[in-house]
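Chain naming follows the written order as A, B, C and D, and within any one chain the residues start at number 1.
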Amino acid sequence: MLQAAQRSEKKTKGKKTAPHERYLEAYRWMLQTRVFEDKLASLYRGGLITGGVYVGRGQEAISAACGMFLQKGDIFAPLIRDQAGRSAFGEPLIDVARTYLGSRQGPMRGRDGNIHRGKPGQGQLAMISHLGAMISVTVGVLLAKKFKGETGFVGLTTIGEGGMQSGATHEGMNIAAVEQVPLVLVATNNHYAYSTPNDREFACTDLVDRAKGYGFEGYTVDGTDLAACLDVIGGAVKRARAGRPPQLVVASVLRLAGHGEHDDASYITDEIKREPFAQDCLKCAEKVIVDLNLADAETLKKWRDEAAAEVENAVATAQKEAAPEAGEEDWCAISMRHLVDQIP
Amino acid sequence: MLQAAQRSEKKTKGKKTAPHERYLEAYRWMLQTRVFEDKLASLYRGGLITGGVYVGRGQEAISAACGMFLQKGDIFAPLIRDQAGRSAFGEPLIDVARTYLGSRQGPMRGRDGNIHRGKPGQGQLAMISHLGAMISVTVGVLLAKKFKGETGFVGLTTIGEGGMQSGATHEGMNIAAVEQVPLVLVATNNHYAYSTPNDREFACTDLVDRAKGYGFEGYTVDGTDLAACLDVIGGAVKRARAGRPPQLVVASVLRLAGHGEHDDASYITDEIKREPFAQDCLKCAEKVIVDLNLADAETLKKWRDEAAAEVENAVATAQKEAAPEAGEEDWCAISMRHLVDQIP
Amino acid sequence: MSITYLEAIREAQAKLLRDDDRVFIYGQDVGGNFGGAFKATKGLAKEFPGRVLNAPISEDAMVGTAIGAALQGMRPIVEMQFADFSSIALNQILNNAGTHYWRTNIPIPITVRLPSGGTKGSGPFHSQSMESLYAHYPGLVVMTPATVEDAYTMLIEAVAIDDPVVYCEHKYLYYHLKADRLPTEGLPIGKARIAREGRDLTIVTYSAMLHESLTVAEEFANEGLEIEVVDLRTVKPLDTDTVLASVARTGRLLCVGESFPWGGATAEVIARVTAEGFHLLDAAPARINAKDTPIPYHPNLWSAHRPSAKTIAEKARNLLRE
Amino acid sequence: MSITYLEAIREAQAKLLRDDDRVFIYGQDVGGNFGGAFKATKGLAKEFPGRVLNAPISEDAMVGTAIGAALQGMRPIVEMQFADFSSIALNQILNNAGTHYWRTNIPIPITVRLPSGGTKGSGPFHSQSMESLYAHYPGLVVMTPATVEDAYTMLIEAVAIDDPVVYCEHKYLYYHLKADRLPTEGLPIGKARIAREGRDLTIVTYSAMLHESLTVAEEFANEGLEIEVVDLRTVKPLDTDTVLASVARTGRLLCVGESFPWGGATAEVIARVTAEGFHLLDAAPARINAKDTPIPYHPNLWSAHRPSAKTIAEKARNLLRE
């Protein structure tokens, strides 16, 4: 059967199986993400994307699960490896294609690129690069919702094991707990921050040990196991929604790509590639689907084809669109025009 | 008998009694500090000190213990409430008097004041105000000693429960553990950061719970109990010196003064003043000394008189000294004169 | 009745909390019965329960939290305990708040209050004037009120502005400056004010240095020399037009600022005036700032480190001689 | 043989590690076989075991650690992955390293390397030029090398300097700039360089903008107009004398910088030249900087955001017409 999550701090009983529909839905987001990001990588290699391409290969299960339990009114503040989650949360592929390809019609209008995108008005915050900075911002949104008397909402934000070491992460986590906002922080330990392995990043046994020191509830999950991801993240979201303290979920995977597509990741050791957490979550999920006969081969192929078509469509659309032009640009960093500094 | 420390994370057996001589020595640093800081407060009230006066009333036991176990070659990076520790570490009273009174002959030469002083060349770092910033600096000193092949040294630095929430503290602690330097971090929870009580500062059960998340070894101690302070801090210093991971000691006390002498601390509740941790560590130590007959009344009085004389002497000396004069000042922020920017 | 600069800041916040339920105040020690290190929020936590919140010692997260709340429609005011500690929040201010509108088309209406500038005995970490760091980066409005009236109306405006505002309030003025009453209206944000008319020399200044400059102007008036004093009010946007118009009248420019000398507001004013009003100048434009060292603790050193009526007068005299 | 700006930086570090065992390098991803996001430390970890250390994502502590090590007699080089992330370390740089000598009489010999400036597609958080923030505060030397030779000799000098140095290396120049060989000696630190002689106009610039300016100078030379180009090399200290001497020759000043327009290096140069060399100027001094918005991702926008040969030429032409 689908394997359940391992919980480090609290052992809870509960359903050990995610409903098949949810599993399959998540799988489809994973699949679409993989297809999409492979396409982005190939566009990058072909010189058709300026800047960088950052993919979530190997992290699709955890990311998809992040998006799956969020509802309208919830907040999602994703980071670099969260395409699956972004899609599951509702980000249209065309937004991504437009941002990567610099279309004027994208949400960032060519002003920012790649993973630096969002639609804050629709609950998806637009990350800045500085790792950890979005945690307190998410807390602020949740705090404001509390002020306004809203209930039943949550905010979910993600971080890598590298970003866990930034001061901003610490301050943000602590404030979340002080304010008791319904935050879920999903920290994915993919065993590298760029080229830096865990032993040069932190020295605790498991990052989930941080939870207690903030007054968070902490859980670990095998990020290669979609069912476990759905179970643990679903549970964390549920608990946050129900008013439990902020939740920390630490997932374990291996980054199955370079830091960005410019990076051949030759520093990733063969040894670590043989670790159980180095398995490809997408293949694992496919195996479960096949083994348990959750979908037949034809359906699987249809999904893959559909994903490919959607991806091609989004990319083709964005590629046809006009790039931003300097002359037409509104060079204003603030919204109130009469306050713009007229610098000679 | 002298009450031993409570250890939260690890229970160890060991001597439950600090040697009497050490206890009495620490007591004398505490006493001298109390007399000195009372004097500084009265100078402040008399308008004879510009700026602020920040005292460690109620924290002398923990602070004295911080200074007691450090040797030549060790590093001490104290903060605001560490007079007892500074003195025990070797800072002459005249340095303090000169700094508070703005004498040109003080270590800060009137350029900085009050608690913002140090003699880095002698192992006592000069704090900046930004809380948490000195932790990584201490780590850097220790790392350099390691590079140079020195052995057997430790670095001890202090922080308040308020300062524990700063990003700098987090980054500094984490780096200490990654580099496995012999650091002891003594965090004193005096239940307030300026006027802010614990419940607006953090939400974990006990700050010592942070230790594990960094790979530190964590201990708690009753800061009103000098013997416990000596035992726990002595133990932490010993372990760090022996090559154990970085040590976190969390002490519990009440700040028995305003944040600074300008502050009447009227926000401190009567309720909290009745807590056991609100006891005056100096009185507790005196009671132990009297009860156990470690020193007779005459000796105690002699010590008090000696402290008063030393304090009067230091203050009188500093008061006679010249203030810095702008015209004689070397207005240079860098040491290499030929690189000073000549701004017209 | 008489009201101080500090009380004006408190009253502005009281009014904001009263009139607009999107407003809340977040900062270290602002809540409880305490009301902040300088008492700028005294009594407000009690009068507005749940809307004046103590923050942990986490400046980065304080501003991050405010940004998030602003995204959700609130109008947060963040109090830094001292401007100097905003160095910890600088990343959130510059890179998150300051870029957000440009990136997403959604502005971030936060106000960050910075108790700024020197008072004697405060030393290197409790005396800084940081307006030039914030004004250098795009995306922020940077206010530097110099009068009780401006302290009041500009703080109210700051919260009304949809974009992030860094509001630099001067600690020396907190108690030293008094007015008879609070105004109902101020000059528009972005407009500089002719604080004193003159014909012989223009001093462009802001914040506490306005008063040193006015002292000099009074002194010179006794000698029949009329200094025009321009109070910038906001260093970003910087009202080049008003400055140029003044220089057109006087032909001479002296810029006075309390912050460090390299770059910053005084250099910016000179660069603008010389670019657009070179022909208006009868003499080389001059500036006077603090010295290029950390801010000293001792009053003897401190008062020599910053510009004062004495050093401003000297510069002005030289300039008038040219 | 040909060596790039980036290789020069690597070679300088190799030499420093070889010649001086007080030197070590600390930064994200600098170690292992990786050698940094830009490969500026490629191979060094292997060649100098234990002296090229990967740091966690903790910029504040990276610099704090370097300060501590410097106190203990080491000469650390900190690599920021991008200049933009130094905002997290700004407090340690300005308030700890920058004030330490003034406070204690003990200087802090650290070198903080900032991979700075724009390249296309890098966007708002991987393109910044932050020299003006660091130069504004006291206590730091701020280097902005524009040539392969300077990249090399100035980095070696940076580590030799007893005071904290912010070394702004330009990412665009990493691969675009090549030299035949590494020099054994450079101009003294603090001296600007006349990169090109001329008589009709002085362009004062630094870092990548030197090359845009030189392009313009070549172009104008075809028309018989000779632009003198001054490369500041360090923006702090700023070599006012060399700039003034050039303006004395040409009578016209254009300052070109890639950072944001408010305040900063170009304003500082103008303030100095007009204060000391007002009479030397035959026309209003001008400046050109990046636009006052975050730095855009898209190449079309990015190339319009920063100054370019085209926009510099335009300004220069106007200035020559005056």
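One rule holds for everything that comes next: contacts are C-beta pairs under 8 Å (C-beta built on N, C-alpha and C of every residue); 3 or more make two chains touch, one makes a residue touch a chain.
Remember, it's a predicted structure, so these values are computed and weren't measured experimentally.
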Labels of chains that are neighbours to subunit A and to subunit C: B, D
Set of chains adjacent to subunit A and to subunit B: C, D
Separation of mean Cα positions, subunit D and subunit A [Å, integer]: 36
For subunit B paired with subunit D, centre-to-centre distance based on mean C-alpha positions, whole Å: 41
Centroid spacing, where centroids are CA-atom means, of subunit C and subunit D in whole angstrom: 30
Touching two or more other chains - residues of subunit C: 55-56, 58-61, 84, 87-88, 91, 95, 98-99, 102-103, 124-125, 138-139, 236, 238, 262, 275-276, 291-294
Set of subunit A residues in contact with two or more other chains: 108, 111-112, 116, 128-130, 165-168, 171, 174, 178, 200-202, 332-333, 341, 343
Contact graph of the chains (line, ring, star, complete, other): complete
Subunit A residues touching subunit C - in the complex, by the definition given at the top: 107-109, 111-112, 116, 118-121, 125-126, 128-130, 133-145, 147-148, 167-168, 171-172, 174-175, 178-179, 332-336, 338-344
List of subunit B residues in touch with subunit A within their complex: 165-171, 174, 177-178, 180, 199-205, 207, 209-215, 245
Residues on subunit A engaged by subunit D in the complex (per definition of touch): 50-52, 102, 108, 110-114, 116, 128-132, 162-163, 165-168, 193-196, 200-202, 266-267, 323-327, 329, 331-333, 341, 343
Subunit D residues touching subunit A - in the complex, by the definition given at the top: 28-29, 31-34, 37, 53-61, 81-82, 84-85, 87-88, 120-126, 261-262, 291-294, 296-301, 303-305
For the subunit C and subunit A complex, residues of the former touching the latter: 24, 50, 55-56, 58-74, 76, 91-92, 95-96, 98-107, 138-141, 161-163, 188-190, 236-238, 240, 272, 275-276
